[in-house]
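Okay, so chain A shows up in both of these, paired with chain B first and chain C after.
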Partner chain A sequence: MGDERPLPIGARGAVILAIVAAGAAAVPWLGLTPGSLVPSDGGLTLVGEFLVRAASPALTSEADPVPEGTPPLLWRALAAARTTVVFAAAAMSLALVLGLVLGFASSSAWWADDLRGRGRLRRVVAPVLTWSSRTLMVLMRSVHELLWAVLFLAALGRSPTTAVIAIAIPYGGTLAKVFSEMIDEAPRDAAHALRSSGASPAAVFVFGLLPRALPDMIAYSLYRFECALRSAAILGFFGFPTLGYYLKLSFENLHYGEVWTYLYTLFALIVVVDWWSGALRRRFLA
Partner chain B sequence: MSQPPTGSRFVLEGVVVRHDGGGGAPINALDGVALAIEPGEAVALVGPSGSGKTTLLSLLNGSTRPSAGRILVDGSDLTELSPRQLRLVRASIGTVHQDLALVPNLRVSQNVLSGRLGRLGFLASVRTMLWPSAEDLRSAHALLERVGIPEKLFERTDRLSGGERQRVAIARALHQQPAALLADEPVSSVDPARARDAVGLLRELSRERGLTLVVSLHNLDLARSFFPRLIGLRGGRVAFDAPPAEVDEAAFEALYELADG
Partner chain C sequence: MSAARDAEIGRLWRSRPRSRFARASVVAMLGLVAWAWIGGGLVPSELLSARRLANLERFLGEVTPYPLQGRTFDLGVALRWAGDLLVERGLAAAATTLAISVAAIVLAAIVGAVLGAPAARTIASPEPWLPDPRRPAAPVAFAWRGLVTGSRAVMIFLRAIPEYLWAFLFLAMLGPTAWPAVLALGLHNAGILGKLGAEAAENASRREPQALRGLGASRAQVVAIGLLPMTLPRLLLYFFYRWETCVREATVLGMLGIVSLGYWIQDARARNHYDEMVFLILLGAAIVLIGDVVSAVARRVVRRAS
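And then the complex of A and B:
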């Protein structure tokens, strides 16, 4: 080994070089020219009008005339925000169940010899369950929630269930992957101690191992809830009554003031959730 | 609290524990160990690190399986028990691990109560860990009182000092209602001034409860002043097994010298 001449660049250097080369190759391939950054005159005016309204979001409906029976704009924004939260919460609840079940089944610790002892049946069951759950997790999260939504819209129509499942599937897959890694990386000393005191494999896992991973799992779930809010809002583009639905409607009607009202509502929602999850983390995990 | 009248009896017959060495050649952590520890006896395992003390303790509580030989706890051979029977034996042996092995982000009460999980079904375990009964808490509190930190009952475990955590680990082992108490280098997790207290406490507790006590110790002075029987280990073999009066400095130093050679 000592006699080998080192390559001019190491393995890491080669990877970085390949990434840079791929980036450079993409420019001619996709026809990325500085010229395409210059907007057309009409585009420029539109962007200008839109940006100007950032300072003056609409407080009342900009439709003229306002259709009869339309609720006040701010009320509509708040109701849409509430719907967004409800969709995100329902999706996350389902995703958590999927994530916990698949995350446990695919974690190596759940099957580890040092936590369970040897079992003949497990020699067969463990690899089958681990790999089938890992494959399922990959399938779930390799498809974006918008694509799942397209699929379920075709199958189930535009019901709230469609949106909730569309978000829950990829989120469940991601939670499962991250949960299983957190569980596998958790220190096992307390789990070994419980095992040496005669605790059953399930008790060892739940009370010796899981508490070590739980703070990270909770923090990550709170972050994913925030992501679920954005996903739920975007799914409104498909007609679910979340913020995205009204956002799209107002944008298409060139009611830019309303667009900003809804954008600020989404922004406020994220800030509130961020503050709330921070408070939870400080309270329970500090 | 009901205590078993006498402690466990341990018998080791020709025990070998072989580890796969990193380089390929297997290493014998224990090499033909035979000994008997009687109920209620107090024994110190002495010897340098790597001499097999920790391995021996993990054999006694059923965590490690011997590559050869037999381990009998109160007459039953651990290598022949079903997983369920093995768990029952483990539940009767409390261990204070060298790194204490507590769950840092649980309350002290939960760590103490987790000592009983070996005797409970899963639902009862969930109940005692999440919604402990008044009786559970009373008994955890009584144990903490006995080890000198009753006021820490509801504290988060990682807020405690090293010495306090060690007492939690001892209370957890006692909550098992064990017949034997094992402790691996109980001196390493406390500052030197407290070392004597820690070993003294283990000795007192096992005496008042009639528990068999096996403690591994680096420090010969401590072993000598607290234990009527010393077992010296060197390279996985028993070098001496005698009362302290018969073990002189020279015999003890020989453990270390030969281990280096």
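And then the complex of A and C:
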């Protein structure tokens, strides 16, 4: 290692130096002084009260008096969890469709010479389709789901479906990018064997290429489902009845016990999905 | 020809990875999706109601830059409008957004290193590298195991809470400085980077650490000289991947009141200035793209150097 280095710092060292320099420049620009990190007296008691309640999340509503007709707290938490799961699952189903279609269209393996015959049509169609789908993916991905939600709120007004679409667009773009990379990086031995035995391009793809990439794709999709749960919860800050909505409300009413109840509910949802994807990975990818 | 092909397809089909759990999982997922669409109260057709379509039409009218509304398009006017908006607040907010993402990811790397190292069993166990004939005393083994479990639990908690929520909580405690955004992104990503770093340390080759340990190096020396250089490329890749997400999130965190791009997006939305809002959202997308390109270049440099 490092026998003939032209400089005392290698490329890796230069990258790390750049990171440190960027970090050092960001601190004064943002005015990050240690003094502004100390919470005010009011802030400090608030931190204390909030953290203390971590050990004792509320089991019943903390409003006093409880407004008439409010369902019990745990029921509210469950209903919010249900909406969160509904939004996340529906958004992931749309995102998967978008991701599969765009991911296949933009994967270079699908168009590779050694996996498909040569044809004049393909020479023209392949680059156009590849690059248009890649551009679309970038556009979908580079706008955050909350900003998609803000756009849809302004354009169409609030509706559960807009929340689902707002999550599905950037997630579809991300899935497409990752799927196309996974397909391109999958081992091609089986695909070549099929191709040389005269199978059609579609059969090469479905039976040769896809099964090799599938375990990774499923594991990644489950991870994104976990992210979708978080995104769906946060959309509640914009008035959708997911966990974030109730969480914000309770926090603003200083009902910290309730905040922790909702936090632990979200935590439980994520732990379940995390366990699920872990178990699947162990059995499936072994 | 076709018989050979069918045989090949059949062979591949039979040799596909199979597991009852995986199959049950797929069925459960399909069931979950069907339930969400059927029983979840989602009515997509409602989006096409007359009221919503009228709303959409009004919105599309207001997205046109204000000085151009109701007039023929004039590129000069449009450019002046965009330039004014950029100088007035767009560029400063964009710089703040980038600065927040950089400060946050550096903080995440530091906290992640502190939490991730004791979470790796190849670092935090009585004798991680050499076969040790003596069994460690029970309290010693227990303390090491507690350290691993404890740091992992902290990291799970840090990453389970969404960064937006962390920022909301910190904002209430610290007031509207840049700290809430930096801390929120930094802590959430510390949980992620720490976990990925610990996994990288556990998957790294054991030969070099073993050799160093055999020569009598201390735990800290083995980590610094043996383990860190081997895992560094991978750690840097993760660092840049997570920085890309930080740029996206830093934009959005402004909607809580921290002066990144999101602050002005929310402001324009509150004033119903949809032309400004869409322009700023597009500016945010441009920053995300810049971040992606910088990150891709940096990752290529790291890959080539290793």
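Definition applied: the second predicted complex is superposed on the first by the 272 of 286 C-alpha atoms of A that agree within 3 Å, B and C clash if a C-alpha of one lies under 4 Å from a C-alpha of the other, contacts with A are read in each partner's own complex, and residues count from 1 in each chain.
As a working rule, a residue touches a chain if its C-beta (ideal position, glycine included) is under 8 Å from a C-beta of that chain, and two chains touch if they have at least 3 such contacts.
The structure displayed is predicted, hence computed values, not measured ones.
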Message: Both complexes share chain A, so when I overlay them there, do chain B and chain C fit or clash?
response: clash
Message: One more residue to check, A:His255. First (chain B), second (chain C), both or neither?
response: neither
Message: Under the stated touch criterion, which partner chain does A:Ala90 make contact with: chain B (first), chain C (second), both, or neither?
response: second
- request: Classify the contacts of A:Gly10 with the two partner chains as first (chain B alone), second (chain C alone), both, or neither.
  value: second
Task: Using the touch definition from the top, say if A:Ile270 reaches chain B (first), chain C (second), both or neither.
output: second
- prompt: Which holds for A:Ala155: it touches chain B only (first), chain C only (second), both, or neither?
  reply: second
Message: Is A:Ala202 touching anything from chain B or chain C once the two structures are fitted on A? First, second, both or neither.
response: first
Message: Looking at A:Arg224 after the superposition, I want to know if it touches chain B, chain C, both of them or none. Which is it: first, second, both, neither?
response: neither
- prompt: Counting only touches as set out at the top, which of chain B and chain C does A:His192 meet: first, second, both, neither?
  reply: first
Field: Contact breadth on chain A, by residue count: chain C or chain B
entry: C
Query: After superposition on the shared chain, which partner residues are touched by A:Leu37: those of chain B (first), chain C (second), both, or neither?
result: second
Field: From 112-120, 202-210 or 238-246, the chain B stretch with C-alpha clashes against chain C
entry: 112-120
- prompt: Which chain A residues are contacted by chain C in one complex and by chain B in the other?
  reply: 190, 193-194, 197-199, 203, 207-208, 211, 214-215
- prompt: Which positions of chain B touch chain A when the two form their complex?
  reply: 58, 61-63, 83, 86-95, 97, 99, 101-106, 114-115, 117-122, 125-126, 129, 172-173, 176
Field: chain C residues within the chain A interface of the complex
entry: 1-2, 4-5, 8-9, 12-13, 16-17, 19, 21-22, 25-26, 32-33, 35-37, 39-44, 46-47, 51-52, 55-56, 59-60, 95-96, 98-100, 102-103, 106, 156-157, 160-162, 164-165, 168-169, 172-175, 177-179, 182, 232-233, 236, 239, 248-249, 251-252, 255, 262, 265-266, 269, 274, 277-278, 281, 284-286, 288-289, 292, 298, 301-302, 304-306
Field: List of chain A residues in touch with chain B within their complex
entry: 117, 119, 189-190, 192-200, 202-203, 206-208, 211-212, 214-215, 285
- prompt: Residues of chain A touching chain C in their complex?
  reply: 10-12, 14-16, 18-20, 22-23, 25-27, 29-32, 36-37, 39-40, 43-44, 46-47, 50, 82-83, 85-87, 89-90, 92-93, 138-139, 141-144, 146-147, 150-151, 154-157, 159-162, 164, 190, 193-194, 197-199, 203, 207-208, 211, 214-215, 218, 230-231, 233-234, 237, 244, 247-248, 251, 263, 266-267, 270-271, 276, 279-280, 283-284
